[in-house]
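Think of it as A, B, C, D, E, F, G and H in the order they're written, each chain with its own count starting at 1.
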Amino acid sequence: MSGKLTMSTGNKAVAAAAKMAKPVVVAAYPITPQTEIIETIADYVASGEMDARYIPVESEHSAMTACIGASITGVRVFTATSSHGLLYMHEMLHWAAGARLPIVMGQVNRTLAPGWNIWAEHTDALSQRDTGWLQIYVSTVQEAYDATLMAFRIAEDTRVLLPVMINMDGFLLSHIMQPFEMTEPGDFIPPLNLPHKIDVLDPKGYGAMSPANVHYQFRFDMEKSMRASRTVIDETETEFKKRFGRTYKPVDEYLTEDADVIIIALGTLGKEAEVAADLLRKEGIKAGVMRIRWFRPFPLDMNIKGKELVVIDRDYSFGFGGVIAGEIQARYPDAKIASIIAGLGGQEVTYEDMAAFVKNRKTGTEFWFGIPQEEQ
Amino acid sequence: MYEIRIHSRGGQGGVTAARMMASAAVKDGKFATACPFYGAERRGAPIVSFVRIDDKPVRIYSQINKPDMIIILDPTVMDTVDVLDGLKEGGKIFINTNEETPFPPGFKVFRGDLTGIALRENLVVSGSAIVNTPVIGALAKLGLFTRESGVEAITDTFTDPRNTNAAKAAYDEVIV
Amino acid sequence: MMPKMTISVPHEGAAGLTGAWRTFRPVVNRDVCNKCGICAMFCPDAVIDPDTLEIDLVYCKGCGICANECPKKCIEMVREEH
Amino acid sequence: MTEIPKEEMILKCPSTCAGCGSLLALRYILKAAGKDTILVIPACCNSVIQGVYPYMLHTVPVYNIAFAASAACASGMSEALRATGQKTNVIVYAGDGGTADIGIQALSGALERGEDFLYICYDNEAYGNTGMQRSGATPLGAITTTTPNGKTVNKKDLDRIIEAHNLPYQATASSSYPADIYNKVKKALTIPGPKFIHILAPCPPGWRIPSSKTVEIGKMAVKSGVWVLWEKENDKFTISAPSRAAMKKPMPVIDYLKAQGRFRKVDEKTAAVIQANIDKNLRKIAIEAAQSEENI
Amino acid sequence: MSGKLTMSTGNKAVAAAAKMAKPVVVAAYPITPQTEIIETIADYVASGEMDARYIPVESEHSAMTACIGASITGVRVFTATSSHGLLYMHEMLHWAAGARLPIVMGQVNRTLAPGWNIWAEHTDALSQRDTGWLQIYVSTVQEAYDATLMAFRIAEDTRVLLPVMINMDGFLLSHIMQPFEMTEPGDFIPPLNLPHKIDVLDPKGYGAMSPANVHYQFRFDMEKSMRASRTVIDETETEFKKRFGRTYKPVDEYLTEDADVIIIALGTLGKEAEVAADLLRKEGIKAGVMRIRWFRPFPLDMNIKGKELVVIDRDYSFGFGGVIAGEIQARYPDAKIASIIAGLGGQEVTYEDMAAFVKNRKTGTEFWFGIPQEEQ
Amino acid sequence: MTEIPKEEMILKCPSTCAGCGSLLALRYILKAAGKDTILVIPACCNSVIQGVYPYMLHTVPVYNIAFAASAACASGMSEALRATGQKTNVIVYAGDGGTADIGIQALSGALERGEDFLYICYDNEAYGNTGMQRSGATPLGAITTTTPNGKTVNKKDLDRIIEAHNLPYQATASSSYPADIYNKVKKALTIPGPKFIHILAPCPPGWRIPSSKTVEIGKMAVKSGVWVLWEKENDKFTISAPSRAAMKKPMPVIDYLKAQGRFRKVDEKTAAVIQANIDKNLRKIAIEAAQSEENI
Amino acid sequence: MYEIRIHSRGGQGGVTAARMMASAAVKDGKFATACPFYGAERRGAPIVSFVRIDDKPVRIYSQINKPDMIIILDPTVMDTVDVLDGLKEGGKIFINTNEETPFPPGFKVFRGDLTGIALRENLVVSGSAIVNTPVIGALAKLGLFTRESGVEAITDTFTDPRNTNAAKAAYDEVIV
Amino acid sequence: MMPKMTISVPHEGAAGLTGAWRTFRPVVNRDVCNKCGICAMFCPDAVIDPDTLEIDLVYCKGCGICANECPKKCIEMVREEH
């Protein structure tokens, strides 16, 4: 790394990136393990380090709604949540995307109650995958910071105008401290120019009755923007590298070129999987890793031809299966997938476990880590 | 990779200690991560946190099961927690105490009266002695990072000179 | 690039020609009317011109409030014939 | 009266039912607010009457928002506008359901935070848009589609709930008294911080009254003391003129009840309870007004 | 049909079935086009026809929560909602399933705002597909009635103990009037015996801290029950036929045996597709229809080998594609699918349109009905 | 005092912080409620302190529910229990955040419908469980992690909000007066319909006080009039003995503020505002009590 | 399959009319569906509803674009709505009016003064004449279903004899 | 069939042996104590036996409330040594 390194948690890095982006309004509600993000922002605002309005709303439904209200006036907004907070704003997630507002949200992945459990799982965010939000999953503090900066630029690009959710594993990344470079973005994030912002001099109505013969067209326009966002993401990541030297791709690859078997995972599991690949290679198994970063829009050009896949889902869609494994299979029908369900509710999964997943893989089956074979 | 587990109590500053340790190692040009295994702990409840130090970026997020070193910031946790669980053969133990504590053989034991030092320096918050800065001094002495990096890691976090004073005292007083 | 979505611009008649809803039509007896403007004030739909007191029958829904509130009782609600 | 601008801020003609009280009220609200205004509307009758895409009838920007969400939306807007130095009025226009039931959390939160906006609840005492189900604001005895025998519990006292939030400005109004609405909205908009106005807005299909009776019934509500017009500026509580007059000798509530189909199942006992509630409330309001006088 | 026929809307049929099931508590909140269900129930209760408590809650979040509170005391409960109401209870949908409560819900499919639009679309319910609810989509008034009766029996089976959502197309089915037989269920629905109901004499705690080393096991138990529900559904449908003579399968098939191409759709589209198949067969195209009824658990034994599929999604997952097409491809990797997105926001789709989808199908592509080819 | 049962309904020992006021209060609540009770607990400190699966410490059934949802859950429970002829007490034990902020909608709805349950809010004046962020109930001037310079708006007046719902029983209490809690809960549970008790529960880490001072600070709150103990049975409003005594000569609030780290940024001006608020509130309460006396 | 489109206004009972029509056909042993194209209509606003009658179960849910018959319950809607849109060649029109109304050639036109009948029978709700029962009589006369089934369909829905009376009057008075 | 889920049964010690949290331990001077029971009343954790006034040190968190509230000031908080 080039610049000065700061020790920071994932949470603080996201807060720092949000500060750099200079949002005008931040509306958020606390929830473990996200609290540190908004507490840090509250501190920034209180100390004058950040010239924003922090709205301490009374719930997440209102957090997202206040972001919507602020955003439609044409200003930059930011929020953060996790788990039940995310679920509680579900209606407004659909709304934010349908209203085409470039809201950026830090989202700390945590499992769902009952019973209460505050540890990592991706079901919270993945079960929002139809809402029209772009979703990225990050795996290091540096990446959390960088992705947050890029999120504003991508969301606000007029070819996109959809909200972006930056996902990071609860505690595993939100609370871990790693050295990272707090790059000054300079003019990397252009000023926001919302084409449909409210203007009292040119009054318009937003969201009144939308007839059956046009509503689907608006939905198609969202999908068009999702498709366009692939280009915008590529451009943004290229520009980011040019300016700041760090390389990102929608899917991060590790030793995939010559790999026979590829572990696919999101977030910290995807990073630790690299260690599993190293271990496997020592044992003569040509393993690689694909860490899906941008999950929405879904990656369409993963080069998995001829390789076996071990897909680790830290999530589950009851009565169907792992979400990631399912969507990969859907978009890559030829894929030979061994589906592993692991890490739900903070279940401990080590690189050694992942190496074992690879060694014991059975293509075409689903395996719940930790559940005895006879019950599977 | 060098893996350290820290045993402390909610409110004692064990998490900050972990961060400063990692930070000091980074200042030495190493790579390091500090990860608190947060739960819903309350002030006073035993908690553990982890530090990993390596020459290349640390890519492991799961818990440390076979630590190279154990740091016991509060010896009273030993009543309820098996602090030595998984410690590697020949691994190091640092314990905050002013008296010799018996441990099974096969480990290298170090100690320092961090609480005493904290009380001496009046590093007390809501009745608890804060031992997270003295421990940095002690660990520098044990060679986990340089003295300078340790001091820098502290001053990055705390402005009050009592902290560095306490660390320096611990550096001098740690019993190897 | 403007996203395609339900954004509307002000435009008379956007909710249809509500006069078609009417079953009764207000008919003003101008001889009795004292031009107090009360009918215009209370017409929910603002289809009575406050100056001329003309009723815009393209939009008047025939609710009958004007007739009911007129202090001179000079508005009669007459069944629409088509 | 003469000062009320003639210009209408709503073009002809929303698809409200004939004789809609909420539309009558809105005419005067917007006249008072003027062009530098954003209207925030949650799901309710007023969200569907605006016209059909790509056209609308309101000549100020209208932001439609989810049912539970209007006060939070207004919070975000107002914070963003103020942060960027704009004085634009942010006015929520919401039904009683969107205010007293599903929207009360967001509203209560916004009031506690002291957001700078005006919240206006038009109260037709039921969920009009979905075909007249009971709301928290439906009065005792009223038939709705979910209270086919008449509601068995009292109307939620929204005004006292809001009052407990200590706003700088709060008022009640009625669509039958447009000038009063106009004046209250005008005044409210001069005051920074959260403001609340609660407007009784008779609804012909819901109240089962002829569409011609909207204004008349609204006046009967005031005359009988079912509805009291007042305003409260910081601690100054004033009963508005029509109610001051009415309170001298309130009309028996039975006349009000009898005029509406929705009360047709109210028996004598319930009618007596309703009358007693009113009497008690009027006494309380009179005392409050008197005390407020004294304190000045 | 055997018995006396009643003309009824889909809504009223669901209400009538709910009445027959004798729930003790109904908690619900109105929303178009579901209102008729709860208004009918309110009438039943007011007239004494139904001996239940109707709780007129102040929101859908509370509707689902009140159902949860009532259900855990061991009584039968029912609710109904639609669209934004469903979204607003999203958090509690996850909760109800996680709490293993056999709540039955009538769900009227309607699209999502903004802009407001009250017509049919399945995105509301499909975007709840990870919540652990069983989901059935019905296509006639009779089926709505029958499915509601069966839902109670299935949900309450101790092998299942998961909530069930009966989906019906807004207006198209909720408001259409068809003749149907209001069968008396007799003892078809056994008395509810909730094994984990609250008992003050044997006090237990529900849903407190759930450690990382067991939480995933509870999630697996939900999945096990989902899997078991396949059997329970089969048994229930068999028993239903035995008693009442009407035959149902998880996937309803029409002229599929010899078909070369199969239209797959849910709800009323799936029913009208039969007319399209008839039309196509007249033109010499061997078409058939598979109407997915039980979408959760997802059908695993559809016999589609060697056939081409035209999958119509009245839903969309932005940045991915049609939900149904995606999941079919995931579970049947060999499937040759032409994916059609049609009917969003009440977009009119006729059997003639569906016949055209078949004739113009392009396997492996996605086609948005109503959008010009060059924009697709 | 002698009548309070010795039996504890919570086994040793919840993982509340040392000196937790909310735990102290709950001890007496459950003693008063007895075994035929279901406790409903939304997300809050009291949802995580119960022990770890498969064990728990409470000896009555505890149903944990989502943060916003406790009153709705209790509604469903109580309706189901009553429908099946059971008298079991349904008691919500919720924090100030779960009551005044995210839970107020469900609560307001349940109160309006007249559900038969007891709602108890323990008020530690912040989101304790997530590490002390501000809540609507955080008082003016208090530092929390989201109000690093002290809160700039007033504490939401939850009691007046609830009062506006006209409950058959409502009271305030404090964890420093266990017998008072016991008596109030006992009485509340004899009354059908919705009941509400608001308990001030000092919280050492949140208030930045030594854990030994919980009871002392709670008493100071009463002595200074920051917190007034009262009860209201239908329309009968009574000030409870400790507050009656305190109101004769209230302790200056500055002593209360100075004793707590969370108020360390309160300047003289703010302190004066806080004192003035208290003075005004005490006057109002005295008047209300006097009027209630008169009416009897 | 016989497809009918009904034009009426919110509050006039057009939807109930559609249901009774379908119900009467079912009583005759046919299959039928009635579908109101609900919108967010208000009392007074023009609305359409549909009836399909067939010998086998009706499986079509989409709108009727080429009706066999048009029923105009409120002639005033003709000012704003193209009521004849899509009507098949030779299709039938029934209109509620007491005077002859000109229609383009090629259709079979029938009329009856349903409003007059309703007013005569005092079938008035909130000032609007309710024409949904008289129309059933008129349609029975046109042979859409039997007189008996029509009466039954009405009595299933309404207990007040004014309804059947009005229907019978309409049956007698419809001008073919 | 009982579903597997987070259902817990009452059990002492379910939240751990909270005595381990203590840094100060209450020590009662029985000679001065008047057995008023105030300490037991105010102990949030109910670890003081109301009859014997014994303190259960396995669970006592050492909060010091008992010492603070004791009218006889006969409880001293003594630093734990291990």
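Here, a residue touches a chain if its C-beta (ideal position, glycine included) is under 8 Å from a C-beta of that chain, and two chains touch if they have at least 3 such contacts.
None of the values given here were measured: they were computed from a predicted structure.
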Between what two chains do the most C-beta pairs come into contact?
A-E
Dist(centroid_CA(chain A), centroid_CA(chain C)) in Å evaluates to 54
Where chain E and chain G are represented by their mean Cα positions, the distance between them in whole Å:
33
Can you work out the whole-Å distance between the CA centroids of chain C and chain E?
46
In whole angstrom, how far does the Cα centroid of chain D sit from the Cα centroid of chain H?
55
Sequence positions of chain F contacting 2 or more other chains:
15-18, 47-53, 56, 58-59, 64, 66, 68, 101-102, 104-105, 108-109, 112-113, 129, 136, 204, 210-211
Among the residues of chain E, which are close enough to touch at least two other chains?
32, 56, 58-59, 84, 88, 91, 95, 98-99, 113-116, 203-211, 214-215, 217-218, 222, 348
Two or more other chains touching the same residue: where does that happen in chain H?
5-10, 16, 18, 21-22, 61-62
Complete list of chain pairs which touch one another:
A-B, A-C, A-D, A-E, A-F, A-H, B-F, B-H, C-D, C-E, C-G, D-E, D-F, D-G, E-F, E-G, E-H, F-H
Which chain E residues qualify as touching chain D in the complex?
29-32, 35, 38-39, 42-43, 46-47, 54, 56, 58-59, 84, 88, 113-116
Would you mind writing out the residues of chain E in touch with chain G in their complex?
5, 7, 32-33, 118, 140, 169, 171-173, 175-179, 268-269, 271-272, 274-275, 348-351
Within the complex, chain C is touched by chain A residues 98-100, 158-159, 161, 195-196, 203-210, 214-215, 217-218, 221-222, 225
Within their complex, state which residues of chain F touch chain D.
68, 100-102, 104-105, 108-109, 112-114, 136, 153-154, 156-157, 160-161, 163-166
Residue numbers of chain D touching chain G in their complex, please.
15-18, 48-49, 129, 204-205, 208, 210-211
